[in-house]
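These are the structures, in structure tokens.
Each of the two complexes below includes chain A, the first together with chain B, the second together with chain C.
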Partner chain A sequence: MPEKQRGRYAALAIAAVVIVVGIPLWWKTTETYRAWLPFSEISELDSLQLQLSVDIEVVFSRGTLTPEQQKKFPLSHVNEKEHQVDAKTGLRYKYETRYRTATIMEEDALNQPTAAEADLSLHMLSESSCGSVVVYVIPESSTLLPEVRFRAFVYFYILKSLLKLIMLIPAVYFQDVKVYVGQRRTALLRSPPFKTSWNLKEVLSNLDVEVEQVVSTMSFGHQDIVAALSNRVRMTKVTKESMADSMRAIKSSPGYEITFSLLNPDPKSHSLHWDIEGAVQSYIQPLLNKLAPIANFSVDSQILYYAVLGVNPRFDNSVSAYTLSADSLSHVINPVEARLGSNAASSNPVLNFLLYVPDAHHSPLFIRDHSKREVPSNAFHSPRWGGIMVYNVNEMYGPEAERPVDININMAKVMGVFLAQLRLMLGVQHTHPPTGFVLQSPGSAGLADWELDRLLWSRSVENIATASTTITSLAQLLDQIGNIVINDNIAQQVSSAVTSLQSAVAELEAGNLAFALQYSREAILASERAFFDPSLLHLLYFPDDQKFAIYIPLFLPMCVPIVLSLLKIVSEAKKRRADKQAKSD
Partner chain B sequence: MDYYNLLTTCAFIHLLVSIPYAYSNYVENKAGQFFSSGHTNNWAVLVCTSRFWFNYRHVANTLSVYRSVKRLGIPDSHIVLMLADDMACNYRNPKPATVFSHKNMELNVYGDDVEVDYRGYEVTVENFLRVLTGRLPPSTPRSKRLLSDDRSNILIYLTGHGGNGFLKFQDSEEISNMELADAFEQMWQKRRYNELLFIIDTCQGASMYERFYSPNLMALASSQVGEDSLSHQPDLAIGVHLMDKYTFYLLEFLEEVHPASQANMNDLFKVCPQSQCVSTPGHRTDLFQRNPGSVLITDFFGSVLLHDMKQLVADVSSQKPKQKDWHPPDGFILGLWTLILLVFFQTYGIKHLKHIF
Partner chain C sequence: HTHLNYKLGLTLQNRTSEALTPAAAARDEFQEELVIRPLHSGDIYASFQFRTLWDTDFLQEGQKVSHYRLFPKSLGQVLSKFSVRELHISFTQGFWRTMQWGQPFIPSPPGAELWVWFHDTVSDVDGNWKELTNVLSGIFCASLNFIDLTNTVQPSASFKPLGLGNATDHRFLRYATLPREIVCTENLTPWKKLLPCGSKAGLAVLLKSEKLFHSSFHSQAVHIRPVCQDEQCTSKAWELRQTLNVVFDLYTAGQGKKEWSLFKMFSRTLTEACPLATSSKVYVDITDNPELSPATPLLSQAVVLGDRRTYSVFDLTRAETFGQLRSLNLLLRWKGDGEMLRPLLHAERYVAGFGLQTGEIHTVIYNNHPYRAFPVLLMDSVPWYLQLYIHTLTVTSKSRDNKPSYIHYQPAKDRHRPHLLEMLIQLPPHSMTEVTVQFERALLKWTEYTPDPNHGFYVGSSVVSALVPSMVAMNTNFTQDQPLFSSFVPVKEESSYFVRVYTEPLLVNLPTPDFSMPYNVICLTCTVVAVGYGSFYNLLTRTFQVDEPSLPLAKRLANLIRRIRGVPLLT
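Right after this comes the complex of A and B.
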């Protein structure tokens, strides 16, 4: 019967259209747009194997080695150390050491009367690359290094040789200076005693211990690198001291805002003038310029009137001054913080430096530490927040002076304290140099080159660790939640972050510290931008029962006739076959 | 003999010189002990999700927690306050510019220094999740962002109308417990908190923290699944219920906490037992690494200021102690009149009673 036949074909055709056209169309139109991401490369980044290469140059000056020992120069040697921090992170330190003798110009430079001048002339001869260390070995008898490092008072010097003879006082207090670390990347090392009968190998192995000490001071230390990896690695084995250090220094960020505030609670008595712009230009800006590869800095300043501290200082009769005890210091900042304000346009972390001039009735004001001693700088700082310094002006005028008194603040003293606090807070690590080391103070540059190198090492590692965890967790998140739309710009950010990360790791391996830092900065910027993109918000969580509740009323009425008609066709076909079978029998 | 004396004097000098170094080590050790809580700054995200005048109590709840947190030291720049409706300046408020938390209008939690970051229709599920995860458009100002880092302790307080597994926002949308758990996981992945305390005061509040799976989370809720959280007292002058029971007793508890107090989380878990609250408050600490007994209230509700090498001291309140209006106790007037009557009748004798009645 053609009618039934047509009906059968119609049902089959509808079922075919539904399955062949309908289902793919429905799938495609309800799909979320997800641009392609390099998931395989990202999973490779999950296990991070970092290699840090340091270039070390050891230069022997005249008189340290015999001519036979010098025959094999120039010589180079590679030392590698491996540490597996956890299952997914491994570190390898590669020290490439080159040994050579000093050139004539270097010998002339080393003939200067003091170590500081020698350092300066050595620097003018050649510029060492970022991240490298140069050690000049000078004869034991050289007068270049100061002889005694004073720990005790001056008159102990007289007893020094006598007591060293008796060997009752530990030598640590009267150690000869062994190493002088200069402002750039050079160090002067007093040669340990060599026997002339030793061959070169023995000399070098003897020297290696000293050189290693110098390198770990001027370049990175293992604990610093592990602390920099804290974003990736669960810190269970870290020491209390390095955890305290990591809590103290501010996290790596693309920019920082530094605010200097002058608090004048008593404008009726004191009319304060501070040349903040000049002071920032001469003291702070050189440090910030040197730290430019690490982050952008913006500096601003303000003056707050009638801003009082949250604590009433107590009058101490013994020194006839007001004192703030250590316990009350934490009460000081909170009431002021509400009035400090910050730059609303940026989300960068803020470092506040407050200069408080006590009012006339509470002058002079001193800060006492826990042992009730006066803090010499009259300042304290709070990790990741900023610092406060109390500046007493009561000595600058007498009781008969006309109020308000004009006072010019001595910016040099103030900036000295703030600069030291700023260095600590930006993570310029507080090096505890081993005994016998003398570190030259950086002076007007604010930061020695090797201190900058240390910061660059830990910042590069920190940036790489953070960027890799960000990218891997973003990939994991996007994988897990199938509903999030991945736009093209996010895919592009992720790809660029991955390539920058790979370049940064490669540059670290090659030993180009400056490039490694630059790539790591780009990687972290791109990964943060990708992770915090506003479009990646998963708002729709559909429990399974809700999904069924939405689709069943739409598809069930459509599917029921189709399925039933298919079933009917199948049952009819079976019946016909059975009939045919019966007929043929 | 002489050599022996010389030896002892030299040893003594050595000891004298080395004592200051030992002391500085001791101070450092104390600092190390101190840093065990692991946080350097505090943040608070306080959300009220309901609108309409009859939900006055939810705004009062949120403002009470805001007030306590500010009093204990967290500055406005570290608080993200989201209020879905304006009760203080509502046309139906008989006392404008006030939000009371107690009958007899004892405590005005609105105060005179409130900074609301998200107000009215800005309080949506999307904005709440954006604040938590940090995925805000670049034009968002600083005061509307949660700029926490890996050393921040965050307090999150939610209140409103809720059900089993969801919390209603603005009467038009809901946030589910799974979305909240995912948001916290994203915060953990990006190290946006050190420890997080989650408090929720809604019906069936415990269902909202069931699905958490990120570490370092502690949660408190005002009622278990299947129970309703009840409101505390209506005020006949204002005409609505002023606060919810759980937050009322929480506020009472927090008013006793001062910045140097050593009250810990176990005390907080005991706030509002079933006899007072009718519902059973619940809490969840299995994801939290430290022992709740060692966690101070001020670790989350107050603000921390660490000094370099100095021992941590909790913060100070910056306001004067609150002035309570004094009402004479209720029985006093009655007693006074009884006394007057007794004296009168004693003086003039009881036979005059019949002239009065």
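Right after this comes the complex of A and C.
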């Protein structure tokens, strides 16, 4: 029956058109635009293997080695250590140590009367690259070190529970000074007693322990690096202290706003003057100049009148002064913060430093720590937020003074505290030097070169960790929700973040610390920009079941006849075959 | 091993000297002022002005201003970041009734208004403007972020810089209004925070939102401009003026008695000046001789908006102002039967027409001066969805065609920019001038409608700016307080004054669709497609066979009976 045959063909043709043209057309016109993303490279980044390479130079000065031993110089040695932090993160430290003898000029420099001068003249001779460490081994009998111990102070901070009260405590070590760490990237190491019978290998292996201590002081320790990975790794193995360090320091960001605010709750009694411009210029700016490779800083200041702390200080009869206990400090910040105002011109994180001059009726005011002792600095800080210092002025005028009293604030005293707090916030970790170490105070720059290096190491690692987590979670999100539109600019940001990340890892491996930081900053910027792009948040995501409910009036009447006629064709074909079989039987 | 009580700041110890430089002479000053004026309608007009003057330059190349004392840091940062030369922002709740209340000291349109002159070094003005509006919306807690290119215009003549510098290139000017913006406490709080004394001392203690927003009119503004530092104008200073104008309807609320006190208005009294202010004064308008207590010997005369007014002055920086009670509560009682000075310039606007397709905007400007004609600048910014027919623009005065001497018209681009119409019109004396233009309402895309589209769409106030001849100059026969020799030729600077009048904003209905439309459209289209497809499919796949015609029903029934009976069947 040709007529029936024709109907069959027509049904098949329509089914074919619907399947070949209709469905792809519908699919194409309703799909969301998704630019290509480097998913495979991102999944590689998911398991991060970081290698940190440090160049170490060990220089033997005259009188430390026998001529016999010196003949084998120069010599180099590579030492690698591997740590598996968790299933997806591994660390490898590569210490490339080169041994050589001192040049004549270096010998001259080492003959300076004091270690500080020797440090300076060594620095003049050659500038070592960022991230490297030079250790000069000086004879046991050298007079450089014992004198040093009376000049250099080690300062460290005592931390008290949650609200870390700062005390700067200078300490003079009376142990035998073994190592002197200068303001730059050099250290002087007193050679341990070598037996003349030892061959060079034994001498070097004897030195190894000390050199390692020097390196972990001056570049990075394992704990610091693991703490910097806190964005990727669940913390279990980190010591409480390096954890506290990394939690106190403000998160890595391309820029920071530093705001100094003078709070004057009582302008009727006190007319306060602070030379903040000069103080910033002489105390804060040198440190910030030094930190310029890490981030851009901008400093501003304001005076807030009638700004009060959130808690009422308690009057203590025994000292006839008002006191703030450590427990109440956590309530101080919130009410003040409403007055501080956010920075209108940028979205960088803000570090606030408040100088609070108590009003005439509530002074003097002292902060007490948990053991009820007065905090000598009369200051405290709040992690990742900033610091507050209380500045009592009641002793500066008598009861008959004419109100308002003009008061000049001693900026040296104030800035000393703020500078210490700023160092903490920026993550300049205080080091716990092993016994026998003397660290030269950073001097006018506020930061020694090796301290900067330590910061660069941990910041690079932190940036890489943060950027890689951001990128992988973004990729995961985009993978899971198929409806999100991926614009070309997001794809571009993601791929530039991935390339920057790869370069940062590579530079870290090659030991180029400055470039590694640079690339890691770019990576973090690009990844954040991609992650927080508003185009990912368009509210155009309908659940699939609702979408199909809307299409049902179209799909149902179209598909039912096609399916029915296909079924009919199949059943007819079956029947015909059965008939044929029956016939042939 | 450690010395606990060691001195602080150890690392710095060797570099600091105990001798401190004396504090730099304060280069900024702060003034506060309150003017109270009883209105003829029985309402009270209170106008606060806070002025901070700082002789610094935000636009200096290379050197960033970053240390603030009295000037608010947030605004200073905005000025230097966006290279703003002048910034005027106002938030107003309610409409200023010029005919009942006279001219305000600082006029403002209902809703939010923002106009900014950028420095002429700015290359991307639109980009700066966009970012600036976003930042300002954060500072003032307002929806200024809804300002975009579709409601921003660049008036060519109406908004000239008020401060130093005669910028004339209007490419650096941006003007936008949000007539729908509702002003409330959340805008007042950040505004008060910009004051050096906050709301803790001085005149600002009166600014309690529960009273301020219980009023007929409330307007708060911030004006920043560069001004001369001294008379020779050798260097520039920046002036920040924060103004707050409020009209209290105490007449109806107070049982028809025309009397008020500070306490009644603000539920506070004044106890002190802001200690940071160099001057802190309260002026009370006593031109119409009301009863004022406490009386003050200090009087001040000023010509304000073309009218000579007398004020009692209370200086808050002097202790005797507060008297024995150490608090100042002004009390005023007045009859209010004096003639009110009729405002010489007045404008109103309405939309006419019927249906949802076309309409007509009428702007009516009144010149109430008995014998002087003067020109006014009319500026109209109309959103793109009202498509103006500019050929229908007519200007008539005294039922005669009045040809504008200057017309600047920038047509709208759909979804990109609004219409801008500026005209210089000469107003004949004692006349009413009517400007009409027809428009057609556009159909919006369904995502472009506001959440409550049936409320209608707002069109911002039109702005009438003019130099109005002064009433003082007009009054030629006053000899009471001026010698004859001084009053023959009117003094030049008093002969006219600048006035800006804002009309009402318009509320226009646009054709509003049913918003379940997309779903309906999908369903309907699908059904139509499915029906068409179904018949088409049937037509193509159905096989046609010649069918034997069946017997009619009667024959079949007959056959049934015949079968029972065993009779041969019919065919």
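Rule of thumb we're sticking to: the second predicted complex is superposed on the first by the 496 of 585 C-alpha atoms of A that agree within 3 Å, B and C clash if a C-alpha of one lies under 4 Å from a C-alpha of the other, contacts with A are read in each partner's own complex, and residues count from 1 in each chain.
Note that contacts are C-beta pairs under 8 Å (C-beta built on N, C-alpha and C of every residue); 3 or more make two chains touch, one makes a residue touch a chain.
Not measured: the values here are computed from a predicted model.
By the document's definition of touching, of the two partners only chain C reaches A:557; chain B does not.
Touch criterion met: A:536 reaches chain B, while chain C stays clear of it. When both complexes are overlaid on chain A, the residue A:326 reaches chain B alone and has no touch with chain C.
By the touch criterion defined above, A:312 lies against neither chain B nor chain C after alignment on the C-alpha atoms of chain A. In the superposition on chain A, A:335 makes contact with chain B only, while chain C stays out of contact range.
In the superposition on chain A, chain A positions 168-170, 173, 342-346 are in contact with chain B in one complex as well as with chain C in the other.
If you check the complex, the residues on chain B that touch chain A are 6-7, 10-11, 13-14, 17, 23, 27-29, 31-32, 35, 38, 40-41, 73, 75-77, 125-126, 129-130, 133-137, 141-143, 145, 147, 149-151, 176, 178-179, 182, 186, 189-191, 259, 303-308, 310-316, 318.
Chain contact summary for the complex, chain C toward chain A: residues 1-6, 8-12, 15-18, 20-24, 64, 66-70, 72-75, 77-78, 80-81, 135, 138-139, 193, 196-198, 200-201, 272, 275-276, 519, 522-523, 525-527, 529-531, 533-534, 537-538, 540-545.
Here chain A touches chain C in the complex through residues 1, 3-4, 6-8, 10-11, 14, 153, 155, 167-174, 259, 267-268, 273-278, 282-283, 298-303, 305-306, 339, 341-346, 376-377, 404, 406, 408-413, 415-417, 419-420, 441-444, 446, 550-551, 553-554, 556-558, 561-562, 565, going by the rule given at the top. On the side of chain A, the complex with chain B involves touching residues 152, 163, 166, 168-170, 173, 230-231, 240-241, 243-244, 247-248, 251, 310-311, 326-331, 333-335, 337-338, 342-347, 349, 369-371, 380-385, 424, 469-470, 473, 476-477, 481, 531-534, 536-539, 541, 543.
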